[in-house]
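One chain, subunit A, appears in both complexes that follow, with subunit B as partner in the first and subunit C in the second.
On to the complex of A and B.
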């Protein structure tokens, strides 16, 4: 089963998998009856008869997929084709840090301790889709950054689906361990190369040790036939900083489950997102920041632009435990509906059990600023273009916290393209 | 160039302009002065095509054409420019990208190709030097977090880039310290030629020491009640508006 065909069944992972299968068998796929899935239905996706393991190995040439990389920067790359690691497209390393496959991490004795300490530790074990991934995942990225190591190059994690099967399900599993005082930047992307249905059910665990920093970027701009369920769990130790930027511009259905768990004081968590979709696309951001310790802060800022019959969900939860005094928890969710057939379901949830905290949330569903429209038009920018430019501005504003200039430039371009704005050079 | 005849305009059924007549010829600088609430900003908004105001009577002719029904962008394409009293902040669009879009949309409206990037860069460099604008400023988000002076300087920078035939400067002097005022006025003067015209709308005479008007008009309660040369501005500065009010009442 899965990557276990190379793993000793006595290995601890075997028990974890057996347990996960049980959970999934019991719960099955979530339905709209589950509160957390009230606005996102998997029914249509589950009608496809997915093959879980590809019949044959596929190879693709770098030139065919180059455009999906941030290719103008020097980076480590770990690439999977139909769920299988592609060594010729990857640039992995074991020098100073480990950027390699989960398959390798799970089998090599030298990683045994890391796996025992971190694998499947912070996931929601009762979540059926996470359990499904735990049970059947065959591969993923393993990123291990030891104490004090500042990784100079970003790491790109890419999953390609060739669409050779009429319908394919992929279940990547990533594990990121950031040591004390270590710093790493990661870019993740899932990309389908043709129009056969693909369902990706990914799980990523990120552990950030004391004073560690991780910046994670998710670029979601997949084909209209591809769907993604992304489950990302982040645990943070004292004084650590973790940020996740999620850019959702495409795909049939995208669900981002993003959970932050605090395990020390003076932690900083940043969750940002830009969603621009159209047609019948659906994007769901379900976030959870669990403030369990005092003196920590979290910042959430999600912006969405919905056209045609597209639907969006923002389900942002902040929990402040009784012990978590002096918490600063901020949440912002602003949406623009371009068409009267588009829908956004926004549900901010603040559950505060401590008394000395600063928490706020703001949620808007609105139109564009009329005065700004007028200002642009007096400068000769026609109504339609002015509207596009204001939407571009609205979305683009989230990019300020993106630390890799090339990522910023790429996303900036995607936003401009999506909105039909011609943006050229900048001084 | 600009001919306004018996212009009446209202907002939400409240009449603010009550019969304005104004004639601006190429090469001229006109100043429109008046106390708060006299209708100065309404006049500039109506000329620029702000849809919040309704023109109930009279007409606005620009370059021989009635522009009363035109959208703000179409008026801009014909060469009209309004420098805002309160420029709008637009986080997420840089000054450069904004001005580039404005220029190319104006060119497109005239059936021209986009301005080549190197030409645009050269022009940006020249005009920003003219207004003593730092390059870093140009990559900042439009008006976001700008000081009052920076906002006004940015307005005049846009004017310099768009090269309008008629520029209306609405309270451009408000919020400017003396150095910024000098820079802005200097910019306006350098851009002035015999083919273009400027209408300066202001409460105080201060700006008119730097941008010297050919004509001064006093706007009071929605009407131009007195017109004269630049000496009228000095008189207003000295005596205030009350004497005119009395004169009008008599």
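On to the complex of A and C.
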């Protein structure tokens, strides 16, 4: 296999890859018969003949892609073009912290220990798509924040697809290790630059040590030819805080698998998302918070607005193990359907084995409040703007907890664009 | 206080299942196993017409090709369907007019169950169609009902006397091949109840049936068909207790409700099959398919109190086919020791302006697992569909589990759906408050559980509510943590 020539077969990772190939061969792509994929079918995507390893290297100019960055803030940047690291677009560092590529981390001896300790440790090894990524991923972001370090500026991770191949599959693999008392903010985005189909199967592993804080933002506003399967696994130690915000506006099919695993007490996990889609777009949020230890908290809040023939899926799961007493688990999922042809499938699940817990979930599906609309219209606000205002308000809960103002501003702009209106203020 | 937790625990551990006894009536039992001949034999024993035999055989041929479902959140040793006798009936099939003629031993059974027919006749005004080991042996108040044109009899009688109604409606709501257990039931059902309320008639009393699994090693396959014609009303009660038995007993019933235009059916169940002993040995497997069909402006309301069975697998559902129809589901499921329950409802909104309400209360104690599994589905043409669901779970002890698996599927923008679920335990401060006022811990728990379940208990007919409250107390004794 050509791929084998490019990696070091003597490396410990080679065994992990071999194992992963076996799992994928055995399980194959998930189908609607799998309970976790009941509402999302990959059939339409798998018709394309994807090229997995692009032959030619591509280069793009910064100005062409500038708009995809949050460029008004100083940040570290890790940029990949068709899965290959682009050094001239990136700004990496090794000063105190490591912001570089998985390619480097997997080959350089000084990272061997980190890789051995953290690579492929918390992923669901039985998940076929994760296994596929483990087997064939070549590149991704490697972020290692040692004990007590606060990363002063956000780290942007961007994946561009040039679309030079007629159909392309990319499999990025990110590893984030946050040491004790360390702090990091990460913004991630996948973007294709033309309308050739792209399938991204990404896996991100995030390890948060004691009292570490990680703040992760996923901005999904890709072309409608691009599909994304995003698998994110987060493990948390005592007193750590981890939050993931997912903003899904673009793409043909987006599946977000987000899993939190607790390994200590007094952990705080936040999972939030805003989804606004139309046409035939399909967004599936599949979350799992595994409360395995006492005195932890988790907060989930997902809002969705679905237009045209779009489909939204929310599959949220909270598991509270026997040992996890005093757990506080909260899950909220609100949806608005704005079209007769749109579909929403929600499955908010609680599986609770401990008795001294507070867990709740709420799920609603409805429309914009007619009376609120009327109120705004009587005050001279046109229908379209009134609708947009109400939708803003609907999504605002999620935006409130965004800590980077520039990200908030960008998301606001994206929402305004998506709703086709201009609103003269930022929320 | 002299009464310590240890003592309480000890007392409860030694407490046997109250209704566990066995009535010794000679039975006419078919050989064990299942094949076409057995299906034919059951049909022949019941002297059924050819169309019924064919219907059963068709169901059997479907069943042979089906697989036992595994998706429910329960684990158990699958029953060996070839090791069950599919028919057992008391040898003589007496039709009594008065209680004096009834086998005294049978009457004694009723007394121990606390459902003296006599008393019920007088006090509660309930017509009881007692199904004792699959064949109806006592029917009361038939004449009163007959005057109104209401047909209330066993389904075998209905097949003989009202074949046109049975033929028209049997299997229309739960088809033969609906699922594994429904297919099995369709092939081998021994008896059950049939009820028809004519147009515009309001049934003057609560109709009620008691089911009992009695003969050793016989599965009970009940088939119930309730038809409420236009603008009629009926309230139907079903309750069950079963004797202590070591091997697992299979109970696979099918209940079909049909509510025509403007009709209303209220169906209440108290289920208290033998749950197995405190080690989880024995107990009934309760795999039930219950479904109702609502035409225009019709209403079906399911209320259930589930305290028994080792494994419960039950989803009373409403198909809201007609415009402006209403479906309701009120449930209390209590599990203790090693019991497992996977129960909930399906609300299928097809018609315009359809409404559904789901209130589910799960209480788990001991080492039990209690799951709510529900589906709310709004189809494209169901304009202005409205659903409200609430699933609350109460946990007692850290060996048990409470799970919620709601499925919500909406294809209409005018739908309004709300779902909420909470899980909590009984607060120490609540218990302390009661203790302070001289209420001992066990009483306090009963009090709190009753309060927790009140919303559902309120929906039960009065006489059932009292029984249900008692059942809750019995089921939860010894779960004080």
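Simple rule for what comes next: the second predicted complex is superposed on the first by the 413 of 427 C-alpha atoms of A that agree within 3 Å, B and C clash if a C-alpha of one lies under 4 Å from a C-alpha of the other, contacts with A are read in each partner's own complex, and residues count from 1 in each chain.
What we mean here is this: a residue touches a chain if its C-beta (ideal position, glycine included) is under 8 Å from a C-beta of that chain, and two chains touch if they have at least 3 such contacts.
Please read these numbers as outputs of a predicted model, since none were measured by experiment.
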(request) Mind working out whether A:360 is in touch with subunit B, subunit C, both or neither, as first, second, both or neither? (result) second
(message) In the overlaid three-chain picture, which partner chain does A:395 touch, first (subunit B) or second (subunit C), both, or neither?
(response) first
(message) Contacts for A:110 in the overlay, against subunit B (first) and subunit C (second): which applies, first, second, both or neither?
(response) neither
(request) Name the contact category of A:347: first (subunit B only), second (subunit C only), both, or neither. (result) second
(request) Check whether A:374 is in contact with subunit B, with subunit C, with both or with neither, and answer first, second, both or neither. (result) first
(request) Determine, under the contact definition given at the top, whether A:403 touches first (subunit B), second (subunit C), both, or neither. (result) neither
(request) Using the touch definition up top, name the residues of subunit B that touch subunit A in the complex. (result) 48-51, 71-73, 75-77, 81-82, 84, 87-88, 90-94, 96-98, 100-106, 109, 117, 121, 124, 135, 138-139, 141, 158, 162
(request) Within their complex, state which residues of subunit A touch subunit C. (result) 35, 39, 322, 325, 335, 337-367
(message) Under the stated contact criterion, what part of subunit C meets subunit A in this complex?
(response) 71, 380, 393, 395-425, 481
(request) Write out the stretch or stretches of subunit A touching subunit B in their complex. (result) 369, 371-372, 374-383, 385-386, 389-390, 392-397, 421-427
